[in-house]
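The structure that follows is given in the form of structure tokens.
For reference, chains read A, B, C and D in written order, and residue numbers begin at 1 within each chain.
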Amino acid sequence: MPMPGQFFMVGLPGRLDPLLKRPFGLFRHEDGLLSFMYRVRGKGTLIMSGLVPGDTVEILGPLGNHYPLPEGKYRIRKPLLVAGGTGVASLLPLLRELKKNSIFVYGGRNRDELLCIDEVRGLAGEFIAATQDGSEGVRGTAVDVVTDLIRGRDKDGFLLYACGPAGMLKSLQGLGLQGYCAMEENMACGTGVCLGCAVKTSTGYKRACTEGPVFDINEVVFERF
Amino acid sequence: MSGSELNLSVNIGQKLPLKNPVMTASGTCGYGAEVARFYEPARLGALVLKGISLTPWPGNPCPRITETACGMINSIGLQNVGLKAFIKEKLPVAKALGSPIIANILGGSAGEYVKIARALEEAGVDGIELNVSCPNVKKGGIAFGLDLKSFTKLIKAVRKDISGPAIIVKLSPGAQPIEAFARAAQEEGADAVSLINTVPAMAIDADSRRPLIRNIVGGLSGPAIKPIALWLVYKTSKAVTIPVIGIGGIRTGRDAIEFILAGASAVQVGTASFVDPAAPVRVLEGIEGYMREKGIKDISALVGGLVTGCS
Amino acid sequence: MSGSELNLSVNIGQKLPLKNPVMTASGTCGYGAEVARFYEPARLGALVLKGISLTPWPGNPCPRITETACGMINSIGLQNVGLKAFIKEKLPVAKALGSPIIANILGGSAGEYVKIARALEEAGVDGIELNVSCPNVKKGGIAFGLDLKSFTKLIKAVRKDISGPAIIVKLSPGAQPIEAFARAAQEEGADAVSLINTVPAMAIDADSRRPLIRNIVGGLSGPAIKPIALWLVYKTSKAVTIPVIGIGGIRTGRDAIEFILAGASAVQVGTASFVDPAAPVRVLEGIEGYMREKGIKDISALVGGLVTGCS
Amino acid sequence: MPMPGQFFMVGLPGRLDPLLKRPFGLFRHEDGLLSFMYRVRGKGTLIMSGLVPGDTVEILGPLGNHYPLPEGKYRIRKPLLVAGGTGVASLLPLLRELKKNSIFVYGGRNRDELLCIDEVRGLAGEFIAATQDGSEGVRGTAVDVVTDLIRGRDKDGFLLYACGPAGMLKSLQGLGLQGYCAMEENMACGTGVCLGCAVKTSTGYKRACTEGPVFDINEVVFERF
């Protein structure tokens, strides 16, 4: 049973180009049907977007760890989910478990980038959208929203779950909250053997596909060039 | 004819008899344990584990990999746990998998190679693959692989001290001419040569104007390099009598057969295992299928069996 | 910004100013006339014609080409009409196309290269590309490309006698280390180096057990080798101050930009022209499109513009 | 207007693998529609066979020379068309011009290999099929049939047009008839620039894509390995 935050490697059979499978976080798992939500970024996702019903893809998974639920000593904390762009794909499964017991901050360049916004709004206890052009929610970034939200409040009252661009995660880390983030790194194998997906942490490189993709946000060393 | 009626056994020197010619390629099966959930490692001829250095190496910053046309570039930078942890933690687990274990080693000096090899002999590995062809570390490694003099010295030094495990020398595609390196390896007593390691390569993102590998240069692997590897294996196998192990873009049984026809006694499967974790077993099954289809009972009948004359 | 407001001009030495950096690669546009029905040759920076030898060469028996993963292998064996017929029949037609003409030449000895170059200077070509890297002929050619001593001698000999046309030396990807060859070319007075020629490679048909190229070995070209070429161009351009011409798997404007960012002053389009006969023009248009999109007015601002530090 | 014997290079857009276009003889040209007939042989034709209406291919052509019609001094000769396997694809357009004024010999391994047999039978003045297993027409090869056919007759009464495997063409050459054959060689460009498609002739190598694919059968030097 795949858990929120886990991912699958998705490949196009019968092709040598693209060669490698691509990682996608599980977006939905219902009635034996796995769904992924993805943005067309390059060669692989472009071909995927042209697939029609009946076409076959190869998948490998579920892989990686998952978002720890707010249990044990963290039970009393308020889950604060922060999604940037397609990061929502990874956080929605978590939101479906947490439901009203959560705050969801969703940032993007503009309204069109905020996919599944209605589902998120409907599920979350509190929902704030942020767009750079103000076309939806407040004008600004998800980080701006979180900064406002926690101002003057006890940081220990929150448990952060973040998924989005590295820049966003780095800024969120600067806010001093406890919590987790899901990391995206280029992956070749997804199964821990290639060491291609190294994430720098305070205790050395860790594999995003095996020790991650979910990391303690305060252990990650952001140094993307 | 069932698989078991076929004779797929090959010898890597006198030291290392393998029940079949298919191995993993170093750096693509971790320390062995990682692949056990996808296939039974004992089915393979041997497991070649991730390269090991004297001390632990952190590896290179990311991005470490990027895809290219029918291939990929990696610059892992030989991230590894180091000799001590390898022997204590990784090797016992790997040995328990039931397949012969070949360690892949890299040092900054001939002395370092010898030190590692000695410790591994003591710890009980079946073979040692000398990586003198890694394009992703600054010192050592490829420095030996491209300079015939230090190459020869290195193998002499290692050979003098090691008598148990088979010694395999992993050649660089850039060795010029590769036959000379292979011959030197043979003369210094290596049990086999393996080739090719990845080909130095680069990729650039025109938008950001940055290299797509943080380390700028990396090593190209996968189907794109198969024709290059095939030629070098063919040339090399003509130059030596010790077994040649073919590596480069092998994905199917037919790919492996091509290398064997070109002169390889055995093959290693690398990048293909990233696409399909059970690729080495599929290659093995493909070889068996080919032999059954063609009515070939003994794999040795195929080694170097390329037909080049007029018919 | 329209195409004409962009400055795409580059200089191949002082001898050869080009209005833009896109050329055909030798052996992929015939003698020039063949492509005129697909695009206006005068739009390109230069046409590099099929390699020429002193006497006509018949070329190799078929199969001469075969496809591989994202690439192809060829072993044409330098079939060509020979110097005399070239000057009499082919060159006048090529010159009439309105684009600077670069002849690509190959000899069995330094003397032969000089003889051909002299005759071409007299006949009036704009540039001479010394092919010392063809993997498909037994003697001459690559023998110079892999041996630094005879390489240096060859260029010295040609340079001494030739003063009109620009001299471009086409390097082999196997030259080890390539920087030394590029530096030698520069020191001996070459106007530019071009790279890479095809990579020696082989393909086998597992069913017939035969090589898929009659000559067994051929040269790999196309997208598969682009990452290899890019790295060698990057390395080479760091080692010399003369212009570097990038070749290998270039198919789009972005591909060309990648080579230019890596340090190339100009590019040649080869195998891509087989897939789309107008590929060189599309590459040119792609470069213009990129420059417009990024607001870059002068192509020289991009040469070697790879960003490698931390941001 | 494409002529019988000419060919097109056919490519799959948006792919780098297969990389090169593949040559196919024009099979039919009607109402602005070009048709090709092909056998699945490898990577490219396999993908082509999975194309569905609406999919796009890239074509380049018509390329190459064509079968000379029996004109001038050859007018009085009887066109003798000999097809082996998919060679029929190249000869059918010629047959559609020559119609009843022709003999058509069609050889293949078995009945299933003899495609378009009804159309050929209907068009040709005289039709003889040959299969190796005897499942259609006479048992034997097309060369056997031609040998029988010309036995005791004046060879100058025929004008040969042959398309099929090199072995068949070579045997036909041995029969001493005047005529033409279409040659298949691996092609990279199809436009005369790569020199990959060399056909050995008594006057040196010629390009199958430019000086061919149709050659005087008595000028070809068969030496395929």
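Keep in mind that, in the parts below, contacts are C-beta pairs under 8 Å (C-beta built on N, C-alpha and C of every residue); 3 or more make two chains touch, one makes a residue touch a chain.
For clarity, every value in this text was computed on a predicted model and none was experimentally measured.
Novice: So which chain is the furthest away from chain D, centre to centre on CA atoms?
Specialist: So the farthest one, by centre of C-alpha atoms, is A.
Novice: With chain centres taken as the means of their Cα atoms, state the distance from chain B to chain D in Å.
Specialist: 47
Novice: Could you give the separation in Å between the centres of chain A and chain B, each centre being the mean of its C-alpha atoms?
Specialist: 37
Novice: Could you work out how far the Cα centre of chain B sits from that of chain C, in whole Å?
Specialist: 34
Novice: Of all the residues in chain B, which ones touch at least 2 other chains?
Specialist: Residues 69-71, 210, 222-223.
Novice: Could you list which residues of chain D touch at least two other chains?
Specialist: Residues 16-17, 223, 225 of chain D touch two or more partner chains.
Novice: Looking at which chains touch, is this a line, ring, star, complete or other?
Specialist: Topology of touching chains reads as complete, every chain touching all others.
Novice: Flag every residue of chain D that touches chain B in the complex, lowest number first.
Specialist: 16-17, 223, 225
Novice: Considering only the defined contacts, which chain B positions touch chain A in the complex?
Specialist: Going through chain B, the ones touching chain A are 27-30, 34-35, 38, 50, 58-59, 61-67, 69-72, 74, 76, 79, 210, 214, 222-223, 251, 271, 273-275, 277.
Novice: Where on chain D is chain A touching in the complex?
Specialist: Within the complex, chain D touches chain A at residues 15-17.
Novice: Which residues of chain C touch chain B once you look at their complex with the stated criterion?
Specialist: It comes out as residues 68-71, 73, 146, 174-177, 199-204, 206, 208-211, 216-217, 220, 222-228, 230-231, 234, 249, 254, 257-258, 261-262, 290, 305-308.
Novice: Along chain A, where are the residues that touch chain B in the complex?
Specialist: Against chain B, chain A makes touches at 11, 16-21, 43, 60, 185-200, 204-205, 223-225.
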